[in-house]
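Let me begin by handing over the structure; questions about it come next.
Chain lettering (A, B, C and D) follows the sequence in which the chains are written, and residue indices restart at 1 in each chain.
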Amino acid sequence: MSLLIAFLVLPIITIIVIPFLKVRGKAIVTISAILINALISGHFAIQTLSGQIFDFSFAGSVVTGPIRIQIDALAGWFILILNLVFLTGSFYGLFYMKAYKEQRNNLSLHWISFILLHTSLISICVIQNGIAFLIAWEIMALSAFLAVIFEHEKMATLKAGINYLIQSHVSILFLMVGFIWVAIKTGSYDFQSITSYTQTQGSATGIFLFFCFFIGFAIKAGFVPFHTWLPHAHPAAPTHISGIMSGVIIKIGIFGILRMLLLIKADYTSIGFFILFMSVLSGLYGVMLAIIQHNLKRLLAYHSIENIGIIGMGIGIGCIGLGNGNQLLAAIGFAGALLHTLNHALFKSLLFYVSGIVYQATHTLNIEHLGGLIKKMPQTAMLFLIAAIAICGIPPFNGFVSEFIIYNGLYQWMLNAGLVSLVAIIFSILGLVLIGGLALFCFTKAFSVVFLGQPRVQFNHEIKDAPFLQRLPLYIISFFILAIGLFPKNVLNMLIQPVSLFTGKIEPTFVPFQDGSLDALQTIGWASSGFIVLIAIIFLLRRVVTQKHKATISSTWGCGYVAPTPKIQYTASSYARSYSKLFSNILLIEKEEKTVSGIFPTEAHFKTHPYDWLEKMLIDKPIKLYKSILSRFLFLNNGKLQFSILYGIIFIVSVICIPLFYDEIILFIDFLKQL
Amino acid sequence: MIHVILIVFIITLFYLSIANRMLTYVKVLALQGVLLFFVAFLQLSEINTLNLIFILLETIVFKAIAVPLFLGYLLKRNNITREAEPFLPNFVSLIITTAIVVATILLSNSILDSHLDKMFFVVALSTLFTGLYFIASRRKIITHVMGYMVIENGVFVLSMAVGNEMPMMVNLGVMLDIFASVLILGIFLNKIGDVFKDVDVDQLTNLKDY
Amino acid sequence: MLSLVLTVIAALFFTGIVIRTKSLASGRKGPGIMQPIKDVIRLFKKGAVYSETSSFIFQIAPTIYLASIVMAMLVVPFGQTKGLLSFSCDFIFFAYVLALGKFFSIISAMDTGSSFEGMGASREALYSMFAEPAFFILMGSFALLTGYTSFQEIFAALHIGSYISYALAGLATFVLIMVAMIENSRMPIDDPKTHLELTMVHEVMILDNSGFDLGLILTGGYLKFAIYGTLIFNLFIGIIDYQYAIPLFFIVQFLMAVIVGLIESFSARFRMNHNAQFIVALTSVSLLIFFGALLMLGKFN
Amino acid sequence: MIGIYLIGSFSIAISLFFSKNKNLTVGLLGLFLVLQWILTIYGINNIRSNDFGYFTYDSLAILLLIVISIIAVPAMFHSHIYLNDQPAPPATRSIYYGAIVMLITAISAGYLANHIAVIWIFTEITTLSASALIYHHRNKLALEGTWKYVFICAISITFVFIGILFLSLSLEHAGSDDLTFANLVANSDKLNPFWLKLAFLFIFTGFTAKLGLVPMFTAGVDAKDKAPAPVGALLSSVLMNLGFVGVFRFYVVIANTPLHHWANLVIGIAAVLSIFVSTVYMIKLKNIKRMFAYSSIEHMGIVMLGIAAGGIGYYAAILHIILHAFVKSSMFFQFTQLYRVYQDKSIYHVGNYFKYNTAGAMVLLLGFISATAMPPSGLFVSEFLIFRSLFEAHQIFVLIVVLLLLTMIIWAFGKNIFKILFIPPVDFDDSRVPKISPWESLSQFALLALAVYLGLNPPAEFVNLIKESIMLLPN
């Protein structure tokens, strides 16, 4: 308990102190505070993974009622992920923010919001009381917003930030409705009451309540079609914040969905099918749009949507497992989801950090202007390569492990499934495979256009790699990525407790992964290590053989064309063209081009702006309509005195008269009905 | 007797609605003041004398003499043009006024109340709405003020209805009267006269929201 | 282990046979069966030329490409004998390991900063992306049919008896051969013979590779073919004793090589922008197989 | 006590009106604040006691009295800074001070009044004193704003008066002529419904001018726009509360009659319309003060929704109106400093406030968070409870509509606020920007913190006071 108090008090002290410190001091204090809090929370979290559950209770106030704090394995798992990403992120940010050291107040605001973000995120994981949860949730959203708009003198950044703020507010509205609903029926904001309420009600109630919460959390998690804030917010934020957003903030949406699955008693099968559908949609849509992006961070943002889709597939499979009472399937599904949550947090934050280094080196994120960076920053390029391979789900890295588990779940489920489920399965498999292929397509493009070939634009400032200390957290992350790839079974064993929370709903005594369902991972671990060894062997062989012969350096083979320039390289758009032509009617790319014409053609250009079809249909158009409708009423206060008085008269007269006519109208209608 | 006076009162309303010179408005207001004086004299028979005298003085002094004189003074001082310049032609105003009266009569028809003399109700309400209609339909600021005075008279009539039981109400009405006339007429209309050259409502439309 | 050895042996001859078939079909004598291997060995002895644009990615890529193929080979079983690696859903591992090789061959092509190789890389990425679903659904339907999810168990339990199963096996063979063609970018997807780089997929990607690296890549290509041959063989073999199985294996490999050769000599290459449709068609075929499997299990009722 | 208070403060007001000496002025203001607090403490000590016949220290009055006494202090402080900052002629200064004292006195007395006619009288006085304050700048626009305010308030007061007449008519059926609320509530079953209906309609419509609700909302907006910001703070917080008191006390009466549902209907319609109107203008507005004014209208709409929904909504409404008073006044106070920086109140010419006055920027930020009722703020709790009461009253569609409108408001409000805070204004030379001491923002931080504290963790006495003030309402 005292630790909890410390956990809450420390940030407050830090926030009070930060504004009065030197620029460097702010960052140091923040990081140390986060470190301490991470240790405190991690100390609990680690123990929960070995099956302990901590229960505390604050008195709360008249409004909230008693606030229960419960740290169970699920919360523990997410807390660990949080702390990992936050520690690396803050350390990276320490160096990233050096570029802005003259903006003193701005920095203190930034670091304050940063530490608030950490605290609120962890509290969200453990709070068991509706109102307190909402408060923590919105503190999280607000501090994230403040962190995002660090470069707030840019209008675009602010727009993206506000877009994010509004959408997260919509999400909180849905959550609010859900909690109000339960509170009215049971009179308590405690999470237990959700369970007790849904248990007593029919399954319809449970499903609707779940949808209410699901939409709320899905907006935060970025499920299609609630994803539209994500591709705007991520590029706008400073890089370590983008990394954290994509790494953990959208994951807190996943956490919410999982938590609600634990709490709400409903027809899990239909929920599972629903989530599965949403997830396949999100995965495909996200990656399909990722390919055509020009802005590196936007591209990564769309990949977050894709990965949320993959996680969601895991959850969906798990739910269906719960629904069918098949604890094996449930275990595999939720394990895949939880593990992929960790994996995505790792490689996606790594990718963002690298993109940040690239940005600070070149001052641009438009990949069409980049190229050849691998010669300037080989280390960074390697890190990006590792993360790219991992996110494509290719062995020997961690991405493959979680995707393998999800595949495994799908095939396991297939062995004893009905016709409808089988169709669902086959299309999920189809989706997952396509996602993998498209991701490969996308990241070969991203990596090679950014780092390989020759620079497409000559920068007038010299480009140098980030200092080692800034790259240190990146190495740590990539170490984890490799470690999970090589020893998946050990990581899986950490998941036993969180997963058994879910399987416990079917069969309390069941211990996941002890039945050899996922022993394949052991072999995969060995295989991956063997794979690396094999590569090493072949490479050594090559070394031995080739060193006898001298390698000559010459220009790239241009089919006889002897004056190649960087301009004739393949660009990102041309790489993606064959693809974007295929899906042109889905992708909605706005082109503006001036083609070459005439005998002596003048300069020609060709620009494309990728645009999100769903965003256009679901956000932009309705809002435009809404605003136009509202602006119809602007005449109301036109400054004429007579009108102001007229309103009074109209109000009084109508209130007097409408009831008088009301009965007659009713009579008339009845009369018409009789005709 | 009272009813006769009240009917005359309503007729003055009709006359107001078709009058097109400012001075006519002033005179009609004075006339209304006198009528109200008689109404008060006849109606408030049961209240104690001191109170009655105060009320009578108020009506005769303010409604019949002071306010009309002051209005006339304002007309001269701010050299306001003599025409009323309504937004709507006079006969439309007449029709509307009539409609208002008819409507109030119909409305009063739905009252089942022994305590109240319906005449007062009809006259009061129709005066009230006519006054509001004047405010809404005239262009000059001073006509707004006159419309407001008309409303005041209507309220006074209504307060007559309960005057016997609650003379305090009547006094309050008087207070409202003084307040309105002193504040609105006195201070600000003069200010407006000073600041804006031609006292026209359309000049007072700069505070708006689009 | 057995499958590994046999596949390697098969790989030695496979491409030679293909080439010989083609030259016979076009009325020439053609080079010896071992010619491709000789080429590779000569390449191993040669020095290399690197583009000044390229980085160490370009140098390490062929190694990883070959390694990935060898890795994939370890998973493939031989009849009832497991491959070196065998676990549930190992075909996923198979596909994804191959994907790693693809990843590196693509980025090494982009590494040279050439305009043609990017073209090839883009196509390679697109086609392999489209090809994979077919393979997965195929394996899925086998898994459904047999109730197992690892190569070896599936093939061991796969009994071809009824007519419909013949039909399925036929379709499966077709899909596998086509997938093999796509993976190795042969006809009708891609024509390695053309000398106009613009029309090639795989060959154009390795324009700049030379010497040892090129050798590695070619070896990889040969092995890949043999691997798919082994898979098709497994499809039919079920559980037979070795003394029949091993000869049968070589027969199947030989037949497949001949078939490939014939296809290459008698069919024209598709237009590039028709390839996508064709490859997606494979997916639909494999969906057919899946529903056929449902039919066999009597899930329709 | 109230007698002493009234006499004392009126005399202070008059002497302020004539005092030309700065120190004397300050002394008098201090004296008045002391008097105000004495009254408050006296009221707290003998709560529920009747004073001077027409005044009662009931719980609602005490609550609002405390609120006004708290807000009065920074109001005086900022008025002082304001008048020193842009030196006005001494006559104007003394009128300003006299009027503001009058205003506060009238409002406090209006809270305490237990007789509908007395409330009415003090409402008149507030109009009078407020108009003097609105006309502070002595220019055309100020005059126009004043004129509109005075005229509309006069009309609305007439409406109220007519309402009172009808009320007395309906009271005659009860055979009584005592218009104190206690008596009205006692005889509520005997009141004549027809006259009561008319009475409620007219009184409600009349008070909307003060409460800032549809239909008579326009006057208040112009007033808050034209009045000096410290006065704007009072107008948009405590004066609105006076209007609320007027409506609420009479609502208590009608709530105990069969007309309860009809009254709820009328109030609900007005409330939703107000929220709608504020949304319409929040999107378009470029004038910061008017923006604040419209957000007040929105909040009054929410409060009235709570009243109309009933149940826990009553509690939430009282809580909301108190918290809103703190938040909105603090934002207006902040505006005085913002105006000192930019000498302009149009969004277009204001921006990057964060750079010039960080503390003030934080006030605006927190104020925005509170005014849009985002969770850490206290208003969230009250709004949450109001939504809950709507939900309980099965008004789901109303709830959805309101939520839609509120989301739009947050969007528009946020867009403008963050423009003010962060986006640098076009062609603005920051050479002449005065250095503003962060301590000036202290009072606003205090008010906001108070709002958060009362919202999230209200002390028991506070809760009891609110519960007691809604005791007479049926649930």
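In this text, contacts are C-beta pairs under 8 Å (C-beta built on N, C-alpha and C of every residue); 3 or more make two chains touch, one makes a residue touch a chain.
All values derive from a computational prediction rather than experimental measurement.
Q: What is the graph distance from chain B to chain D, where chains are linked when they touch?
A: When the steps are counted carefully, the minimum from chain B to chain D is 1.
Q: Count the C-beta contact pairs for A-B and for A-D, then tell me which is higher.
A: Counting C-beta pairs in contact, A-D comes out ahead.
Q: Roughly how far is chain B from chain C, centre to centre by C-alpha average, rounded to an integer in Å?
A: About 100 Å, centre to centre.
Q: Express in whole angstrom the distance between the two chain centres, defined as the mean CA positions of chain A and chain B.
A: 69
Q: On a C-alpha centroid basis, what's the spacing between chain A and chain D, in Å?
A: 43
Q: Just curious, how far off is chain C from chain A if you go by their C-alpha centres, in Å?
A: 37
Q: Can you tell me which residues of chain D touch two or more of the remaining chains?
A: Residue numbers touching two or more other chains: 147-148, 151, 155, 221, 281, 284.
Q: Would you give the residues of chain B that are in contact with at least 2 other chains, written as numbers and ranges?
A: Residues 110, 132, 135, 144, 204, 206-207, 209-210 of chain B each touch two or more of the other chains.
Q: Name the touching chain pairs, please: which are they?
A: All touching pairs, sorted by chain label, are A-B, A-C, A-D, B-D.
Q: Could you please specify the touching residues of chain B with respect to chain A in the complex?
A: Contacts found on chain B: 107, 110, 129, 132, 135-137, 144, 201, 204-210.
Q: Using the touch rule from the top, collect the residues of chain A that touch chain B in their complex.
A: Contact set of chain A toward chain B: 634-642, 645-646, 648-649, 656, 660.
Q: Enumerate the contact residues on chain B facing chain D in the complex.
A: 110-113, 115-116, 128, 132, 135, 141, 144, 148, 151-152, 155, 158-159, 161-162, 165-166, 168-169, 172-173, 175-176, 179-180, 183-184, 188, 191-192, 195-196, 203-204, 206-207, 209-210
Q: Under the stated contact criterion, what part of chain A meets chain D in this complex?
A: 61-64, 105-106, 109, 131, 134-135, 137-139, 142, 149, 152-153, 155, 158, 161-162, 165-166, 169-170, 172-173, 176-177, 180-181, 183-184, 626-627, 630-631, 633-634, 636-637, 641, 643-645, 647-648, 650-652, 655-656
Q: In the complex, go through chain A and note every residue touching chain C.
A: Within the complex, chain A touches chain C at residues 371-372, 374-375, 378, 385, 389, 392-395, 400, 404, 407-408, 411-412, 414-415, 418-419, 422, 425-426, 429-430, 433-434, 436-438, 440-441, 443-445, 447-449, 452-454, 519-520, 523-524, 527, 530-531, 534-535, 538-539, 542, 545-546, 549-559, 564, 566, 568-570, 574-579, 581-582.
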